Structures are given as C-alpha cells and as structure tokens.
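Quick heads-up: structures coming right below.
What follows is a pair of complexes built around chain A, which joins chain B in one and chain C in the other.
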Partner chain A sequence: MAVPATKLKEKKEIIDVGLEEGAARLTYERIEQVINRVITAEMAARMKVYVDTCIHCGLCSTACHYYLSHGTPEWAPVGKVKQTMWEILEKKGKVSPEFIKRASIIASTECNVCRRCSMYCPYGIDVAYIMATVRRICHLLGVTPQYIQDTAHSHSATMNQMWVKEDEWIDTLQWQEGEAQAEMPSLRIALDKEGADIMYSVIGPEPKFRAQLIYQAAILMTAAGVDWTMPASPGWDNSDMAMFTGDFEMMGRIKRTHFETAAKLRVKKIVMGECGHAFRSVYDVGNRWLGWKMPPIPVIHATQFYYELLKEGKIKIARKLKEPVTLHDPCNIVRGRGLHEMMRYLVNATCENFVEMYPNREQNHCCCAGGGVINCGPPWKTKRVESNSIKAEQLAATGVHICIAPCHNCHGGLEDIINTYKLNMHTMFFIDVLMKTMEIPDALKA
Partner chain B sequence: MQGIYEFVRGPLLWLTFIVFIGGSLYRLISMYYLLKKKERWVFNYMSLKYSLRSILHWIIPFASANMRQRPIMTVMSFVFHICLLVTPVFLLSHIVLWDESWNLSWWALPDWIADIMALVVIGACVFFAFRRQILPEVKYVTSVADYAILAITAAPFITGFLAYHQWIEYRTMLILHILAGEAMLVAIPFTRLIHMFYFWFTRAYTGSEFGGVRHARDW
Partner chain C sequence: MSESKKWDWDTSEELIATPSEWKTKFARVQEPYVSPDGKKVAAIARNEDGTYTACVNGEAWENTYENMWNLRFGPDGRLTAIVSEAGEWTLAVDGVPWENKFAYVWDTKFNEDGQTIAVKIQQDTRYGLAVNDQPWENLFEHIGKYVMTPDGQYMAAAVQAVPLGQAEVFKFKDEGTWTVAVNGNAWEKIFTNVWGLDCSPDGKHVAAEVRMGLYDYTIAMDGEMWPEKFNCVWEPVFRPKTSEALATAPVRAAGKWTLAVNGKPVWDSKFVQCWHQTYSPDGRKLAAIVAPSFGQWTVAIDGKLWATTFNELVTDLTFSPDGNRLAAIAKDDGHWKIVVDGTPWPAMYDMVWPPVFSPDGSKVASKVEKGGKYTIALNGKPWRECEALWNPVFSPDGKKVLVRCIEDGKYYRRIVPISEF
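On to the complex of A and B.
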C-alpha cells in the first residue's frame, strides 16, 4: 500500500544527545538563575537598544538563506529572535528546559551568525550577536549539540579542535615535509624557528583530514622565499569552536595560547590558512575578549597573503586555469574583513574564465556550514543542506564546474550541497589553484 | 469646552513636552551610562567617517541593496517618515500657534499640500497595518503593541485632517487632535518609537564595525 505523500514529508525529530541529556538535567530555578546572571552581568546597552529599537518590520527576512530556502517566517532572523531572546527577556528567564533545548537548536543549527541580516536591517541590528548570546546562555546551562561540544572539549584538553596530540602534530608536519621534499628538495617546515618573519597557523582539521594543505603551503612558502615557521607546541591551531558554543572563557584561553605562541617565536605576523571562522576568532572576537582592540600581533588571512605575494612578484603565475571557475565569498573574510577585491585579483590572475555568482561580495549567501553549524555534526546534516537550497540555485546558475572557496567550513558545506543537489561541481581552495598555476623556480625543482 | 481646550493646549502641552524631551533624554543618557559602565569598549570602535557613511546609505532612498529589492516598501517608508516629520512642523495652523505664544514663525506649507501629506501618513499607516497582516514573516513577529504604535502615529493625522475640514464638530475634534498629538509625543520615549533616536546610534555603531574593523559595506 502506498504511503500518503504527507507522511513521507513528515520529518523525524532530530535526536542530539547533548541537547537531550543537557535539557534533562535542567531545573526551572537553574535556568532562571543562569539567564538572570547573563542578563545582569553580560548583556547591557547593546542588547537593550537592539531589542527596544527593532520595529518588527521583517525586512531582515530575505537576508537569511534559511528563510530564502524554506520560505516560512520562523526561519527569518527576526523570527528566530522572537522564538528565543524576546521570550527569554519577556519572561525574565522563567522558561522551561524544553524551551532552552529549542532555543539551542535555533541558535546553534538555524543560524550561521553570518551577519548578512545586519546588512538588511535598516537599523543595522546585530542579530548574530543576539544569537551568540542565546548560545552563551545554552552553553552555561549545558545544553549544546554534542558534536560541537566535543570539539570545544578538545580545545580545552589539547588546545586544538581535533584531539591531535603534540607528537602527532609534529609527526604530521614532518611527514608533509618529507612528501614535499620529493618535489622540492630544499623545502623545510621549520618548527619553532624564533625570529622568523611569519608564523603560519592552521586549523585542527588540516593535520587531521587535509594534511595536503600543509604540504601545499610549504611549497608556496618555499617558492616565494618566505622566512616562515610553524609552532611545535599547542598554539598552532587557530580554530575556535568555543567561540561558537558560547564558551567565551575557553575562547580566551585558545586565543591567548595562539597569540602567546606567536609572541614567543617573535614573528612579525601571523598568516592563517584558508579558514573563515578561525579568522573571525583571531581577528575580531577572541582578541576583544582578551582586551585587545585589534589583534596584538598582525594577522592576515591566507588569501591576503597570496595577494601580497603576487603583487610583490614573489610568486609568478606560469599558466592560468582554463576551465571556468566561480568564487564563493566566505562570510568571515568578506563581511568580516572585506577581502573580496583581493580575492578577485587572485582569481583573475590565476584563471582565464571567471564567472561571478550572484549575489556576490558582501551580499553573498552563506554556505550554511559556518558559525559552528557544520560542527554540530551528522545529526544535523540533512537539515543544514535542505536549509540552503538558495545556495544550490545560486551555484547552479553559474553553470561552471569549479567553485573556489577559501574557507574550510564553506568547503564542507558547499560539497554537501553540491552532492545533494547534484550540481556537478567541485570546490577548490586558492592554494589548490596556485599549485596548478604558479611557477616553480628551476633552482628549487627536484 | 473652552476650559478643556485651554487645559490641553496649555498645561497638558507643557507636560507633554517635559515628558517627551525629558523621557527621551533619560533614555539616551541612561543608555550612554550603561554603555560606559559595561561595554565601554564600544567607544573605541566608533568612527565618525564610517558612522556617517552608514547613516547616509540608509537615509537616502534606494542606497542599500535591501531597499532596491523592495521598492514599494522603500517608497512607502520614506514618504511616510518625511510626511510624518515635515507636516506638523510646517503646518500653517501650527506656526500660527507658535506665533501667538512665542512670536516665532517660519515658512509654511500650502494647506492643500499639508492636507495631502496628512493623508499620505494615514495611508502609509494603513499600508503598514495591512503589511503586518498579509506578509507571513511580518505577521509572525507582530503583536498588539505593533498595531498600537501605528494607531498612535496615525491618530494625530486623522484627527487633524478631520479638524481642518470641520466635517465633525470642530472644537471636539480639535481637542482630540491635540490629545492625539500629545499622546504620540509622550509615547516616543516609552515605546519602540524610540527608534527615532536610537536609529542614529545603532547605525553608527554597525557602520563603524563594518567600516573600521571589517572593511566591508553594510548596505
């Protein structure tokens, strides 16, 4: 017998042990106590002004890829604020464990804190900040999705996101160094070289899953003749899931370790791999928590670094990619650092046929993976991909098969979208493009 | 009747201005002190250049992407806000009152234009009310208070329009008009109408963060 169509469409409730067990431990008293502590000790003028100013006009709706993909009001930024912060403030914290669970789901899996809605609100209300504060409350109550909580635990135990042990880290670097020496015999990944110009830092998943990126970075650094080093001790990981769970104390420890490692090595600046959220944490959020208006040691994102190397002629392009490519502007380095024009310079320098996706630059739609959403893990994957059909449409409209995305989370998120919507596309980092296009000086070749 | 009229345009008006100005100042000053006490760092990020850049892009019609994507709403909001602010200030009958009381006068709108502008404000309020009913994403976040704000805003214009045309008993309508205007002014500091003042600060802050720290456009 056929199953009625409506039955098929019914979604199973997603069970996340972190939320279920966290909520089961809660009492009304504890919720009220924690919320009131956050309201009095942590929230102040900004939150009050945002909540009092919002005129409930709904103009932020079309900023949000969740709303554009689902089309119903509970996905709009203001709809999410209504379901969480308005209720919390109106009831002065007298909300149920079930409410906290739902609030955690909304703030952690239905918002990428991508800040596009700030650009659509006539008042510029920072909805991402409001959602981050909801996450903060949920964190203090111990109701955070399990997978991302696990990465936060990893940060606290190892100072990296992926439970990478110190010897494994060093071993991975030496392994990649050995591999790369087959191509470039004089190549070194200098560990803990004091006084180097640049400290190169990456996110935990690079040694864990994408070690070839370290290989490629070493090739690039050597070809460009850069004086660089990578730390041998904890502090090598610039990523930060604690920032996204609302565990700001932990975020502070991670960032302090990262900056102190760079300070110990007396480098002139930190260059970060192609990651968006880590950049947000080091450049914008973590430094503030530590009391620095701007990062205490200059930090630049890999794309800006490549741009500068190309501009200064330290690397040269031997041949351009012939296949048409498109570029995805990651939130955290575009709305977060305005690197969009530098990235376009890079694309045009390395590719013959560049097809823009629309909207682009600051207006680009988020990948739906960032902001910790992909880190909430497999239970939430289907929802995450279904919540970004607008991205699939945007990618498909370019008609190209290569999408450059200089951000780890964007990569993961876009690959899931590409596979689910069968877009016949694949993603590349800029370093992948450079490896195919840049000139390797003869003297360095094996 | 005369007694009531004298009262609403005399002592009650004074009280209104005291509450409106005092209340608004209180909101702004207390917010400033709260900011200074708990989020002092915000001041370090404020930039005049990027504040003005952001404000300009949001007070010029169609200067932001969102405004271009919603032309009807953009036209309605701009026309509404302009008429709302300009009509009462440049209405001849209001200037006459200023002249009588304070010997102050300035250029006045021709009455027929002011008439149309009042209708525009009323029409826009009706439009916003319908919008709240019709668009699901707006309806979802609309509460009674949102309609109340619209009613408070439209009331001085409805009563003013009726008083001017003298279709209903003039004196009563005039008193109602004054009361409605006073109610609106008093409501500003205590409702979301405070956005009239907060707008400049939220925009300036967001503009400063986007421009100064993030090197990105916020429109």
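On to the complex of A and C.
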C-alpha cells in the first residue's frame, strides 16, 4: 500500500460561483443588519458561553483532521472560530463581503461539523455549533457554495436532495422490486401500505445512483419477515442538506414532511438506510427545530436495525466474509448516537477477520465528506481529499482491502481518499456485507 | 353521510368473502381493501403467469395487467387501481382502464361523492393531472401537491412552469420556476417555491404557501401575495360557509408561530409550533395543533389551549359535525391515545386511527391496535378483537356502527348497535 501524501504546501484559490456572485451582491449595511439579527434573535445563550469560556489553549487542534493533515494553526478548530465568529462578534457585524466569502469557505469546506474537537476541548465547547451558526449567517446573506445550495433547492422543490421527480421515485422502486423478484419471487416493496410496522426511508442518492441498495434492503426485509412499506409520495427522503447550509426553515419543512408521511402511514417505527447526516437531521436537529424533543415516530439507523434482527434471530448468518475488513465509525451515528458497539457486533457476526483502525469508535477521524462538505461539489474535491491525509494514513495502517462504512457521505469521502492515495481498498455498506453472508431461507428462493 | 343513508343498516352480520382462501387462486395476494359501505373487499392479486388483476369478493377482474398498484375504493364504492399495459400506465376503474394512457400515473384523489377521479400524469417528461380520463391541456415541467373542490369541478396544483438547468442556483432563487395551475391554467406570477394549497369550497379562490427568494414566505391567493412576509408559513385553508375568501395559515415571526387570516394575525397567542389548522364545519370555530412549549403538544381552539399536553405528537384533529366537540390523536411517552375535548381516553394503544364522531357529536369511535390485534373503541370502550379492521362508520341516526373486519380469515360486514360496546 502506498504511503499517504502529507501536508499541503499552500491554499489554492477555488472559484465557486455561489460564493463569488453571492458576495458581489452584498453591502456592508446588509451584512451588519443580518449578523446583528442573528446575534440578537437566533443565537442561543450557549454561543456566549462558548465564546466567553474558550481559553485559547488549542487542545482542539489535534482533534481536527484538517489540522492533522495540514499542520498549521488556521486549520485548527480554534483557528477557524478565530477567523469567523470571534471576528464577527468583535466587530459587531461590521465585516466586509470578502470576509463573509472567506467565512463561508471556512465554515462550509474546512469543517465537517463532526464534533470530534468538542471531546478534546477541556470545556466541551461545541465548535460545530459555532460553525453551523456561521453557515446560517452566510445563508441569510446568500453566500453559500453553489452545489450544496443547488441541493438545498432540490430539497425545497422536491423534498429530496437529488431532484428526483415523484414518478421517477416510484418507478425506481418498482424497477428494483421487479429485479429482486427474480431472486426472491415473494418479495414486494409495498407502497403506501397503511398500518405496516415499519416505514423504510432512504436518501436521494439511493434511487438516483445506488438503486441496488433499495434492492438489497428489500431482500433483507423479506428474508427477515418484516412488515414494511415505503412511501409513494415526497417524504421518502430522510436527508437534509438545508440543515448544513443553515436554511433551518427548509430543514424543518423537510423533516415535517418525513415524519408526517410516517404518521399518515400509521407505522410504528421508521428505519432509515445507512446514512449518517440524515440520522443527525431526523434524530437531533430537524425534529427539534419543529418543536419535537425527540422524533415523534421512533427512528432507528439501519445498523441498529440489522443488529436487532440478528440478535432476535430474524436473520441468520450462513457464512462469514473471509477477507480482513476494517470499520469506519461515522461521526453522526457514533459521536451522535453511540452505535459503535452494535456495529462491532455486526462486523464480528459477519466477518472472520476484523482489523480495528486506530483511533476508533468516538475517537475516529472523520471522512472529511460529511457535514455537507462533499456536497459543495467538484470545485472543492481536491482540497477535501488533501485535507484528510490523516485518514489515508489511518486506513493504510490497517493493511486491509475492505472498509465497512455505514454512511453515504463517508462512502463518497473514503472512496475519494482511497483513489487519491492509492490505498488499494474498497468500501462496503453493512447491507453489502449482509447480502454476501446472510442466510436466505430456501422457501424464499426462486 | 348522505351516501350512507342508502346503505344497509339492518343486516347485523354478513359474510362477504374469505380473503384467506384467495391465496389458492393466485400466485400472490396483497393486503385487502374494503369499500366504504363494506359490501366489497378487494386485493391486488398476481397470476401464475406474472400478470396482475384485482380480486373483488373472490372474483378477479376480467382484465389483467403487466403491473398494478395503489388499489383504492372511491367514496361511491368504485374500485380503482393504477395499471400498466405495454409499458404505458393508466387508471382502471372497476376493472376498465381509461382510454388515455401515459408514461406514468400516480397519486389518485377523489372528490366528495367519488364521481370525479384525478391522478397525476407524466407524458413525454411533461407533468399535470388527468381528471376522469381527460388529461390537462397544459402540462408542466413538474407537479407538486394538488387539491380539488368537494364538487370535483376545480383542481389546483403546484406546478413547475419554468425549466431549470443544472445547478442554476440564481435563476432558481431570483427568478423562480414554480406557480399554481387551476384546471391546467397557470397563474402568471412565478415563485421560488409553491407547496401546500387549498381551494375555497366554491372553487372561486385558490391559496398557496409560497416562498420568494430564500427568505420571504407568505400566502398567495389567486396569484397575489399577501403584503405581509414571514420567516416561515405552513399550508393555508379557507374558512367554510362564508362568501368571503378567508385564507387562514400558520405564520412564523420572531421565532414563534401563530395563525393569520389574509395576512393578519387572528390569535394573540404565539407558539413554538402551530399547524393543521381546522375550521368547524360551520366555519365558526378555528382550531390548530400547537406546541405551547418545546416538546409539549396540545390543541388550541380559537386561541385557547386544552388543559392537557402530550410530549410526543398530536395529529388528526377532527371536529364533530355540529362543531361543538373536537377530537385528536395524541402520543405520549410512547403510547398512542385518543383525546376528546382535551381529555384522553384511559386506554393506551400501540396505534390508533383517526377518531370518528357520530352525527350528533355525542359519540366518538376509533380503530385501535394493541398487541397486533385490532378493535373499535367507542367512547373509550373496546369491541372485540379482530385480525384486521377498517375505520368505523356511524349510521345516520347514530345508533349503530358499521364494522368492517376480518376474523378467522373471513371478511364480515357487521352492523353493531352502540349498546354492544
């Protein structure tokens, strides 16, 4: 395996029309007005606590994969806060359009809001919250990277992140159902089945690019004998890039659609596919913006669902993967939900040779794709990959060729790292592993 | 209600069919659906040759199809399904497909008496509605939510009227691409977004929640926006039984929600959340589901709160026909409940369905589930358990309940006196 490249020499200027055009429209007056409105009407007391509490010790630095990959202070979490929120507060919003553009770049492309740094801060300061507030200000000023803004627009128009039209969604489910029936004739992807036990929801990229994941989920559900349904209307997508652009009003609308779709179907539980940020949006952020303390319909991430199916004996493992595998702990379901031991149970149940990467569990390094960073699109790809050489080193040190990563953004980010640093690995979702290892009852086979 | 006067309210028990036996006739049989009057039970069935049909009271439709989904009875008892033949889709009504075929069909809706049936259509990547087998003359880039008047004469839909290229972020937010089409005719005004909408009962007015740019939310009525802009809005409803066009919508300002009529706040109270506003049938009372504080949910009637709050969810707000009573579904500490006039029934369930009032409003019935068994609870008292069950219907005199249920694999239509609950 190749040794990862390290240390960027210098920051290259990246042109993003969303930032350039957005900043060109700004006036000093508008910037000041918007910032002061956010400060007085939206910022929670915790922002003041965080700002007043930080002792500038820099212990957060070594938590951050950007800092570990580049090695200079401006990449440290405290450095990013210094360049953005401290300046904004100190100048009471009297900052320039160029400053706002730079703040948007830092908040949207140099921080994955992964929350690893909070664990290294002696006071537990939530830098992700600070960066999310910077993004909120940039959203309200119309200075957001083009591609993630386009994704937020897709959410607003279609309630999914990939501009998938309503007929395309249903047609894709029927297509996958037809394909899967060749393998399992009794299989059915029941659309809008009121009173089913479970609503299965996915993210926009699944019908758009990774339809096989829907096929595989249908195989799993059928093998496990689960009473499940998928909605035939908007509300099927649990993802939420509006959460990451700072368009909280749109985030709330997306989450309302998702939960009300489930409530209308009278399901008892929502099981969502292997996506991390979507879990954060339904379990933590979006539901709470709407006034729900917890999800009004219980939501579990796919990994917890697989774990429960295995523990309850509803699915059985016929054979284990022989190849050595490692496991990447996604931020939003590990630091955000604590599913790491369930995932290890899954790996050990399905794989003969599990090689931990170090650090792991809640200490794991982020993929550098999450938090909306990969959604900022092609202009930012090289920077994103170069900003995570530490991840490449971490992956390379395992010496294995398979990395299980139960999160869509992690998949995208890790694949880019693997390809760039020539790590000779490939990623798998847990559902990919289960399809290779799970027992399919004879009665269900074609 | 008017239709139910014609139904048989005297036969206490009628074995309609035995759906459990249908599995022997077909390769696969899906979940059953029943007609509003309870006289028919139907399911999508797959033949051994892979074609699909509908099995109604044990008899298959004459026509078979390559694919079939969304089996639904209309209010008049006609059975519809979305079907495909030779790669084209249409709607089949009582087994007979519409003459018009489309690249895709979905989202079936009925008017109040079921005589008007509409579906969304896609043809040559253009989108619109087909109503009683007639597609709209004008089709659009895409279609969102749609509604129709109770008489079925007017349809209003959110439509994307302007094409949009890949990642055209400034065109999307500055110029807008969405509007409202009424019976296929689009408003001139273009918005960034259009979501939920409502038609006035007479069909003369349409109101929709819209966004101009990324920050200004408001309601547009008949193509004109309210002068007032808000931080967020939810879908409007029209007040019934009035000649005035009074669009009523939840609006958010300074982080709190309230209700506004034609742009002006009507309640002094402000909430963490406010939605699903509902007028009483006579239009005199206005209620909404609200969160008076974070994580606490209840109902506000004319701005006044129920005394009880619930910590997970309140949904399916329902006025009695006379408008004097109000019921809802609530979820609290993981349990589902029926709440009537602010008081929850003592029993807690694994799932509940929308409450139904008797014509005089004195009784409330609901389908409920516990431990995988279903029953009807009337004023909180359960009937016997069944394998499957549909929503109860009160007789016009309010003395009996139509119970449509499956027991031991057999589908029964039962008329149960309320004294048996």
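Here is the rule we go by: the second predicted complex is superposed on the first by the 433 of 446 C-alpha atoms of A that agree within 3 Å, B and C clash if a C-alpha of one lies under 4 Å from a C-alpha of the other, contacts with A are read in each partner's own complex, and residues count from 1 in each chain.
In this section, a residue touches a chain if its C-beta (ideal position, glycine included) is under 8 Å from a C-beta of that chain, and two chains touch if they have at least 3 such contacts.
All figures in this text were calculated on a predicted structure; none of them were measured in a lab.
Enquirer: Now for A:355: first (chain B), second (chain C), both, or neither, which partner does it touch?
Expert: Once the two structures are laid over each other on A, A:355 reaches no partner at all.
Enquirer: Please work out whether A:293 is in contact with chain B alone, chain C alone, both, or neither, and reply first, second, both or neither.
Expert: both
Enquirer: So, A:140: does it touch chain B (first), chain C (second), both, or neither?
Expert: second
Enquirer: With the two structures laid over each other on chain A, which partner does A:263 touch: chain B (first), chain C (second), both, or neither?
Expert: second
Enquirer: Touch check for A:444: first (chain B), second (chain C), both, or neither?
Expert: A:444: touches no partner chain.
Enquirer: Which chain A residues contact chain B in one complex and chain C in the other?
Expert: 288, 293-294.
Enquirer: Quick check: in the complex, which residue numbers of chain A touch chain C?
Expert: Residues 17-18, 21, 41-42, 139-140, 142, 146-147, 149-150, 153, 156-158, 165-167, 170-171, 174, 186, 188, 190-193, 195, 232-234, 247, 249, 252-253, 256, 260, 263, 266, 268, 288, 290-294, 296-298, 377.
Enquirer: Applying the document's contact rule, which stretches of chain A touch chain B when the two form their complex?
Expert: Of all residues in chain A, those touching chain B are 44-46, 48-50, 52-59, 61-63, 67, 72-74, 76, 78-79, 82, 118-120, 122-126, 284, 288, 293-294, 334-338, 359, 362-363.
Enquirer: Enumerate the contact residues on chain C facing chain A in the complex.
Expert: 28, 30-31, 67, 69-70, 103-104, 106-107, 120, 122, 127, 142-144, 160, 166-170, 172-173, 177-178, 192-193, 195, 211, 214-215, 217, 231-232, 252, 254-255, 272-273, 275, 291, 294-295, 297, 311-313, 315, 331, 334, 350-351, 353, 369
Enquirer: Quick check on the complex: what are the chain B residues that touch chain A?
Expert: Listed in rising order, the residues of chain B that touch chain A are 31-32, 34-35, 37-39, 41-42, 44-45, 54, 58, 64-66, 69-70, 73, 135-143, 146, 192, 194-195, 198-199, 201-203, 205-207, 210, 213-219.
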